[in-house]
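For reference, the structures are reproduced in the following blocks.
After this come two complexes, each holding subunit A, first together with subunit B and then together with subunit C.
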Partner chain A sequence: MENYMLLDMGLGGLVMVAGGLAVIAFLLTGICLLAKSIGVIRRELKNEEAGADPGNDSDHDGKSV
Partner chain B sequence: MGNRSELTGIKYFFVHACVECVCFYLLRVHYPLMLSGAIALIYDFFAFLPQGLIGDFIIRHKKLPYETIGNLLMLISILPIASSVKLLHIFGYVLLAVGNAILHECGAIATVADSEGHIFPPALFVAGGSFGLVIGQTLGVCQASPLILILPLILSELLSVSAKASLRKESYPHFECIPKNISPAWILLIAFIVTTVRSFIGYAIPISWNKELWQSFFLFFIMGTGKALGGFMADRIGARKTAAIGTLAAVPFLLFGDRVMVVSCIGVFFFSMTMSITFAMCLSVLKRNPGMAFGITTAALFLGLLPVFFVRFGFEVNAVLIVVFSLVSYVLLRISLAEAKLRDG
Partner chain C sequence: MSFLLIFLLPAVLGVVFLLLSVGVTVLIETPVIVRRGVTGNKKYIRAVNTLTNVIFNMVLTGILVIGGFPLTPAAVTVIAVAWYALAELIAIPVFEAYAYKKISSLEWKKILISTYIANFLSCAVGILLDGLIFVIFFWGRL
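After this line comes the complex of A and B, so read on.
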């Protein structure tokens, strides 16, 4: 591994810890983004069911793909 | 389909091409190997995952100059990426990825807003990325001068700002390609799964014929054309039939085209056609939030490419995966897409 020099300097452990923390931060960020996205999707699905904005319904061009 | 919808699609085709040209130049100028390392993973993480939330924010707060913000972030990212301090590269790539994500969402929302219920304009927007990617990648690997980025950045800004009214529309056309007897949540989940597996398949396609630069250009040209034509065909013959072509018809060409370029490219062409279908499915559910609809597909794309960073399979395993995942995609799309209604041009 390229951190042999770092190990000789006594910094190898620090790099490993920093790398590990970065991975954990990465994962937590991903989980937060996922949770927030699911929250937005649920909100939108509820709005669709409730027909929360009747103004939009008169504007759309209903077409089928 | 009106002229405006096509015009917005064409504008954002070029915006997307410029954005990917800039991004892939900056990714490859320092790190020429495909998919190597934490840099690519970090970039893809910030470019793909937050798009839904960014799009949702754009829809709910229309006054900010998102187009300019996105282009500025990409411009600013050049400085840390060009520095000799490698840690700053990571910061630069995060800025680049977020700028990319913002412009992607601008393109998705603007093209949907002007689409009149057709999926072709958004498909045209997405297709632009393939062309820009291969151009930027080539310029980066060849270590072209970074001054060359001025042109795509200016073009991206001018074109995206010229379509700013489209991004800020108050309502969006409805897409209705899904049956009414399936829960919307299931439709979103199916679209997510299909996009994920097809993202993974994209990296499993055997292309040992791809050795020359012109072949790479041709491959990405075919990919982009397939994406655009998939949207065009979905509008004409329906999403269900287009999905059948994109999933089943592609399989033999993908499998037997490992050493034969023409065969492989036919497969890639068919394969790319399905891209717009899953987006249309999400739009059919999230009628008032095309930003989140697009974000679901990009999150799925990221999840699909994630395994490729950690594991690579041999030809035989890839072939099995292509067949199995294509069949799964076909079945899922068949049950989740409605019968086509013929429509006028």
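After this line comes the complex of A and C, so read on.
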């Protein structure tokens, strides 16, 4: 009879606390993953834009017009 | 000790569940997107799929937890199926196709078909896994 708080909560209360903690941990992990993936997407898009040469004319064959 | 378990274990399970869900999605969709020639940038594919999967799971959790619906097996099934249909048939493939179009030289129609194939495959695996969890937790209470 040591954990009076647990006994007082009852099984329903324990399930609520456990479920709530799982959801909070889930949502916090989700927010971290979201921030990380948005960062990666923005970086890769910037790299893609930097890699593309805006002055590159694919029809250009080296001859002057 | 039991105190720690009661508070630590659910949090760990919450984290593990999301990481597994994202991991399985990325594992299934990346080869499909690469093989169909949409893009070879695996970092970008992983990031896009992580983004859509996390939002998908967070919205579903939000609907179930905050929505105020009774959490009976029937209600959970209806909500999950409705959300799956909306997300996997419309929102996710279109959004992913838009994201891949920014980095791919392939035409829009081919990218869209590729994202639909990839999402249907990952959705099928997701439904099988969810069904398994459902059976484990709700068996005998139906």
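To be clear about the criterion, the second predicted complex is superposed on the first by the 42 of 65 C-alpha atoms of A that agree within 3 Å, B and C clash if a C-alpha of one lies under 4 Å from a C-alpha of the other, contacts with A are read in each partner's own complex, and residues count from 1 in each chain.
FYI, contacts are C-beta pairs under 8 Å (C-beta built on N, C-alpha and C of every residue); 3 or more make two chains touch, one makes a residue touch a chain.
A quick note: this is a predicted structure, and the numbers were derived from the prediction, not measured.
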First, second, both or neither for A:Ser37, with subunit B first and subunit C second: both
Which of subunit B and subunit C A:Gly13 touches, first, second, both or neither: neither
Contacts of A:Leu45 with subunit B and subunit C, given as first, second, both or neither: both
Touching partner for A:Leu27 - first (subunit B), second (subunit C), both, neither: second
On subunit A, positions contacted by subunit B and by subunit C: 26, 29-30, 33-34, 36-37, 40-41, 44-45, 48
Residues of subunit C defined as touching subunit A within the complex: 2-3, 6-7, 9-15, 17-19, 22, 41, 43-44, 46-48, 50-51, 54-55, 57-58, 61, 65, 99, 102-103
Contact set on subunit A toward subunit B in their complex: 26, 29-30, 33-34, 36-37, 40-41, 44-45, 47-48, 53, 55-56, 59-65
Subunit B residues within the subunit A interface of the complex: 42, 45, 49-50, 52-53, 56, 116-119, 170-177, 184-185, 188, 234-235, 238-239, 280, 284-289, 292, 295-296, 299, 338, 340-341, 343
Subunit C-facing residues of subunit A, complex: 3, 6, 14, 17-19, 21-27, 29-30, 33-34, 36-38, 40-41, 44-45, 48
